[in-house]
Amino acid sequence: MGTLKDILSPFSVWKQVLKEPVTIKDPLNRAGSDRYRGFHQNEIDRCIGCGTCEAICENEAIDMVGVASIASKDGDSGLRPMVDYGRCCWCALCVDVCTTGSLKLSNVYTWVDTDPDNFRFIPGIDKKPWDNAEKGYVKPDNYELYPLERVSMDHLHPEERDHSFIEIMKGYSDEEALIEADRCVSCGICTATCPAHMGIPEYIKAIRNKDVEEGLRIMYETNPLPEICGRICTHKCETVCSLGHRGDPISIRWLKRYIADQVPESAYADVLRQDSVEQNDKKIAIIGAGPAGLSAAYYLRQLGYQVKIYEKLQAAGGMMRYGIPEYRLPYDQIDKDVNYILSQGVDIQYNVEVGKDISFSDLHKQYNAVYVATGLHQGRSTRIPGTDHKSVYQAIELLRKITNNEEIEVAEKIVVIGGGNVAMDITRSLARMQKEKYGKVQIIATSLEAEGKMPADLEEIVEAREENATINPGWGPREILIENDKIKGLKVVKCLDVFDAEGRFNPSFDESEEAFFEADMVVESIGQGADLGFIAPEFMEQLEKDHRGRIMVDPLTYQSTLPWLFVGGDIIEGPDVIHGVANGHKAAKGIDLFLNK
Amino acid sequence: MLENIISELEKQFQLEAVDHNSSDLVFLTIDRDHAVMAIDLLKWKFGYKHFVLLTAVDFLEEGKFQLTYILNNPDTKTDIGVRVRIDREDANMVSAHHLWPTVATYQRELKEMFGIDFPGSPRLNDPFILEGWEGTPPYRRDFDTKAFAASFYHQREGRTTNDPATYMKEKLYPNE
Amino acid sequence: MSKKEFFPMDGDRTKYPEIKSDGTADIDLSSHKYIKLWHGPNHPGITGNMAVELTLCGDEVVEGITHVGYLHRGFEKLMERRKYIQNFPLVCRIAVPEPDYNEYNYATCIENLTGIDVPEKGMWLRTLTLEMARLQGFLMWIGGMAGAIGFGTVGQWANYCRDLVLDRFEELTGGRIYHIYILPGGVRNDIPEGFKDRMEKNLREIEGFMKDIRRAFFDNYVFKKRSVGVGYIDPAWVFDYGIVGPNARAAGFKHDIRKNYPYAKYAELDFEITTAKDSDIYTRAFLRFEELLKDIDLIRQILDKMPEKGDHISKVSNMMNLKIPAGETYVRSECTRGEYGYYLVADGSEYPRRVNVRGPSYTHGVALLEKMLVNVNIADVAQLMVSLHTYPPEIER
Amino acid sequence: MSLEDLNKKQIVSPDGEHFEVDPMNDYFCQDRPEEVKPVNKIVERFYNWARSESLWILGFGTGCGAIEMRPLMTPRFDAYRFGVQWRPTPRQANLLIVSGYLSTKTLKRVIRVYEQMQNPKFVMGLGSCTINGGMYFDSYNTIKRLDYYLPVDVYVAGCMPRPEALLAGFEELKKLIKAGKAEGANEYANKFDWYKKNQKEVIRDWDMPDYNW
Amino acid sequence: MGEKILFALISLFLTINYGFLMNGVIRKIYARVGRRHGIPFYQMYIDLIKTLALRTNIRHGTMFYLGPVFRFAGGVGLFLFTPVVFGSAMFGNLSFSGDVLLLLSFQFFGTLGMALGAGESGHPNAAIGVTRGLAQMTAVEVPFVLALMGVAIQYDSLSLHDIVAAQQGGIMHWTLFTNPFIVAAGMLALLGSFMRPPFDVVLAGQEIPIGPPTEYHSNYMALMLSNRAIFPMAKAILFMNLFFGGANTYWEMMIKTFAVVMWSVFVGVSFPRFRVEQSIRWFLRVPLILGILGIVYVQFFMS
């Protein structure tokens, strides 16, 4: 083994001696690679403080802290991540999970300090030398820690649905609901935006745990109308959903519906059973069995009050039943929610109109408190020439008649004025009837707001178009042309902007651009107003009102200036189911507070 | 191939559960007293001579430890995991160090980290990883490492965090 | 003549207390015949932070006891209270020189139990990182081996070469040492533009240095004097002591998980198992050197065969809420030191019930090392440990 | 060394004399460390310059950060050109790099090693683990903040810090030494009781003398 | 005489500085082979000041304290009795006839002192290092003494001055060319005493960090660092005088000693280290045979 080669060949090391050293000349200023996971950067304006980074951090390195310069608002918690470099391990899972994509890691990696307490900072707020570093780790394309696409719900196709009032959305199957619920990152940003502040992450978690009954219990804490809200809620929560920043928001509404659908009506009593509440003999009258009234009734019963609802129409549900077409919200689902509430011992009297059948002052005398939640049932008119024609209808009236199965006029060509959800409802309802009657759809819906700015839900517009209705937004109605006592059509001019520079409603038009929509019938759907005529004038005088004549109430208790009178629902909040539910709940608490003072 | 071995084993032992993980990995459960005999048989008769690992799993809720011996047959390229359920209280198991000398190391670790006794195993009570440990062996599930770390070591103070939902409630609708 | 008889100091054990069946011997320290010497933990010749308690008689080791636990962080406990995805930053810390094997094994455990698929390109990229990890692991090992017997020059070159690989790692994964690159469903990031050319350039440079190392280190009179016949592993011990990887292959045991249990894309790569006879320190060193050269070749093959396009990771469900149904699995792969295995038990919750890591050093570093230390000259202890390629965090985790 | 070795015992001298040995008192130095004040300001400045330009690091890889020492010693980063060298024994070293987490078992060794180093001595904490526990914040076996057990002069952020960051740490330490601010050894002497209390709280089998030089 | 002592001190001062710088350069060369820059060439001075600047030091006993002193005294002694520049009044040092034997004793003096000091430090690594060091030293001494004897026989003198004088008159008069066997034996022995691979097992950092000096620091360390500058220089000067014709100017001395030291570097960079018994065997084999050959050559072929 001791060959000469073994002795001589090691000396070959010397050939390296004259070569240039391979040392990095200036290591102190050497940049990390383009993808290097260095120190944190946060685009503070894009960040919404959802705390997902905190949730995924396995080292508890991230704290969500309030920042003076950032206020909490819908969709932004006002918190910002503070990173503790005494914990961080630079795995960048926080970057990958960031819902907005605001969090990044720069390729700067040098931080030397003598004080260990310094290694804590809020990226983007506390100025650091690497704030402007351009390179570094960002979440790679094509890779997500959670799916960004929502699970589409099985629904009737346009050709199946355009002639019937069968419910379009079929609801999630178990697997679909699980997959959709799994997408949720449980940040809880939605809870604040939901008027009822429902425990959304919690009930979604219940779905993940395959415990729909727990989910139902969570929902009933804040919302006694889950079947209804699960279908037609305006889901403001979804607009702020943190996942919506880079992908589709969670289908919170459909998941709510899934939970409610999964529990049969017969099981409600068992699932929601609570320890018997102490009953008291204080009596409360509720006027109107809409969402606000029903919600108030439910929670007042939970507090042990004796509740009676006075409803003008034949069935409970208010606008949910009489304003929303059946294909969106089947009546049996309304009944499911309503029946459960009534089963709690709520007394209800139908076909009673306060002010006519029973006087308002009687209510005041008989009951300890009165809750007025009559809603907005009076359609507003555009008051353009021709609106007094008999073939010009209010959408809200037509919808009520459709619900009541009354005969209504369905012309061959219809124009609907309005771009809100009610307009879409009537458009689509009439389209179905046209399809049934004439075999084809000739309905035009037009609105002031331009495409993309219409107040109606996008899916409503899309679906209406799928059902062959024409949506032609961006026009201001000028005149309904009438020839021979027959409507010829609607003359419109281009609407440039609905609001003026200060954001007030003050549409501006381009009179030069005109259009004409042929029609035999015109439906107006530009909003509804309240009819508070039933409140006796002596009380009405005592109520404080704002400059537009709306009753002023305490925003927390919905107590009016008459201490025993509480007012809520659409009258206060404008048309919205979930707001109604929410302030029904608040009013119940307010009444409780008032009566227990 | 694995089926034959299992049916052979079934003739001699009571196999409580057989889970096929894949075509070349199977887990079977044998009672405490016969497990080492079965391992012996697997080693000498069926060629499972490469001892891969021995570890324990704490099923606190059921009051059991599961010991897993994974054996490998390098010729057929198959693995058998022998699982043994033993009581958590007074946990002890027949030692297998006579089959492979390295098993003693695993048993030393299990004794220290789980408190499972293997009577007769060499140097079983020598400290292996920990130094001066008192109380519940750390790998047992009823030992809460986070609570222990929080109380036993000095943590750097001054950290507070907020849950976004609660924080927004405080800021936006504190009274509702 | 077998190598066994070739011990330079064929120690006569009869002089010393007999080693009992449990590997210990009764040594009377007060006889002043022996001295205790701690090799570690603060010792430049120890591999990582561990210690060997040596009892010496003159220059010869009578008994060696491995002490570990200096690096114990309780990974297996910590993992039980973290969600599956949160454990990825943790697992790679178990083995600092080659974190990728931890990531791969753990990700594969999850994939096995949940059925997540890995796209073609993701698999290739995984194979690439695993091979690069092997390459840099071997390079560092050569540096350590040369250092352990006082040959600093080769150590310098080898560590430089390793830095080249680390640069490529940094470019590919964004991390220098801890890559956290392999995630369930594939890998985190696509291969950057021009990576292949830069890698090729580095590989050429490494090959150049390897030629020099071959000449200077493996054809070295002194190194051969020091290592041939020292630290002999008897083939009969392979199964008794759970010897795996190069240590076993050098003893003639033809066993390479990449070939025998093909995982990732190894089935599509062209390579042979490296084996040798007579596992002494020199043979093991040379075998590792040969494997290193093969790794260079494999990296080239992988870069050639890797598809240009394709997803690097599949669409996965929300990793923050991942629950794995009750079940257990064992996954193994071949790291530089041998069989690296993960045993994962899931119980249907979001947290693993138990993760057990089977590092090759577990058997090499304790039972085998203690056996092999006996009768070794104290000067050879360091190189013996390096030649077994022990790495303490794998033992204590 | 086991605990029994520290008990008092009878020893027979080569002359046949019997005497009792108390290892804790006889084998080890139990004296408290004392603060050593610089004698002369100008000389001290010159000395500080020399101390800063000749950092001798103890080659004790306490945690995973130690893996980045090799690149520092080797051609790529070559810390030697900055006057940084590695020494194998604590006696000759004056910079202790705590490379990351410390298990209590290692902490015990690190304390001894630190005490064996001579004044002035410096400690550099690497990575998150030395600052606030890092990713092992919930581990039952690692300390969370190093400054409770040893006076730390400089921290380098990172997990683990890259060699370049370490070099920046050396530069920072050099500045501190030159400014006369790196007085960890004196601080340790002054707050000795506090440090000992903290150390004894977490090291459960305290079988070593309070101070071993 | 006073003048001579003054000159010797000047020469000591110059040479010790040269030694420091040369050590720095050699470490640079080491680094360059490893493809790095390495320490600044003046780093040794800073290290020296740094070690002196330590505020505390530990004493393990008188012998521990005296160890480095002995070592340094050995180095200085070796130097002082070696003529640095042949025929120079300034750099002639205290060389007198018969000094080769004195030098031999000085060479051992330092090592022995070190052994005692390190032994008293009580560190097992130091003790192991000392046993290794003394064993290897003894083995090295055999070929070295043979070479020395060969030279003495060849020039028929034990005075370095005479030995150098005999080599004057051209390069072919150097012992290197007149008796290559002796030179080969001597130069191989030199490898053993310079503590460079493959014979640095005494200090072996990876095995017994770092042997005898394990416990030494501060002033002791400074003394040892100085010794490391002067001792190899003295040794190289000795070898230069014995084998390479001495030096006629200081510059010549610098170049020749550098070449002698480079020889050990040349080997040291290329090899790992031997175990102690291997190096003993090696010294008792190759250099010993060469040394005997040299003496045989001197005895039978030169006279």
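The chains carry the letters A, B, C, D and E, assigned in the order they are written, with residues numbered from 1 in each.
Here, contacts are C-beta pairs under 8 Å (C-beta built on N, C-alpha and C of every residue); 3 or more make two chains touch, one makes a residue touch a chain.
Please read these numbers as outputs of a predicted model, since none were measured by experiment.
J.: Work out which chains are contact partners of both chain A and chain D.
T.: Correct list: B, C, E.
J.: Would you mind checking the shortest number of contact hops between chain A and chain C?
T.: The fewest steps needed to get from chain A to chain C is 1.
J.: Taking each chain's centre as the mean of its C-alpha atoms, give the chain farthest from chain A.
T.: E
J.: What chain lies closest to the overall centre, CA atoms only?
T.: Nearest to the common C-alpha centre lies chain C.
J.: Taking each chain's centre as its mean C-alpha position, how far apart are chain B and chain E in Å?
T.: 61
J.: Quick one: chain C and chain E, Cα centre-to-centre, how many Å?
T.: Taking the mean C-alpha position of each chain, the two centres sit 43 Å apart.
J.: How many Å are there between the centre of chain C and the centre of chain D, using C-alpha atoms for each centre?
T.: Going by mean C-alpha positions, chain C sits 30 Å from chain D.
J.: Please tell me the distance, in whole Å, between the geometric centres of chain B and chain D computed from their C-alpha atoms.
T.: Centre separation, chain B to chain D: 37 Å.
J.: Multi-chain contacts only, two chains or more: what residues does chain D have there?
T.: Where chain D meets two or more other chains at a single residue, that happens at 59, 74-78, 81, 88, 105, 131-133, 135, 137-142, 145, 159, 162.
J.: Which positions in chain E are in touch with at least two other chains?
T.: 31, 33-37, 205, 209, 269-271
J.: So which bits of chain B are touching at least two other chains?
T.: 130-131, 138, 143, 145-146, 156 - these are the residues of chain B that touch more than one other chain.
J.: If we use the touch criterion from the header, which chain pairs count as touching?
T.: Every pair of chains in contact is listed here: A-B, A-C, A-D, A-E, B-C, B-D, C-D, C-E, D-E.
J.: Spell out the part of chain A that touches chain D in their complex, as residue ranges.
T.: Going through chain A, the ones touching chain D are 21-24, 27-28, 30, 32, 39, 58-61, 84-90, 109-114, 116, 119.
J.: Please give the residue numbers of chain B that touch chain C in the complex, ascending.
T.: Chain B reaches chain C through residues 19, 21-22, 24-25, 27, 49-53, 55-59, 66, 68, 70, 74, 77, 79, 81, 100-102, 104-106, 122-123, 127-131, 138-139, 141, 143, 145-146.
J.: Flag every residue of chain D that touches chain C in the complex, lowest number first.
T.: Residues in contact with chain C: 1, 58-64, 66-68, 70-71, 73-77, 86, 88, 90, 101, 103, 105-106, 109, 113, 135-136, 138-142, 159-160, 162.
J.: Quick one: which bits of chain D touch chain A in the complex? Just the residue numbers, please.
T.: 75-78, 81, 125, 128, 130-135, 137-138, 145, 147, 152-159, 161-165, 167-169, 171-172, 176, 181
J.: Write out the stretch or stretches of chain B touching chain A in their complex.
T.: The contact residues of chain B facing chain A are 156, 158-169, 171-173, 175-176.
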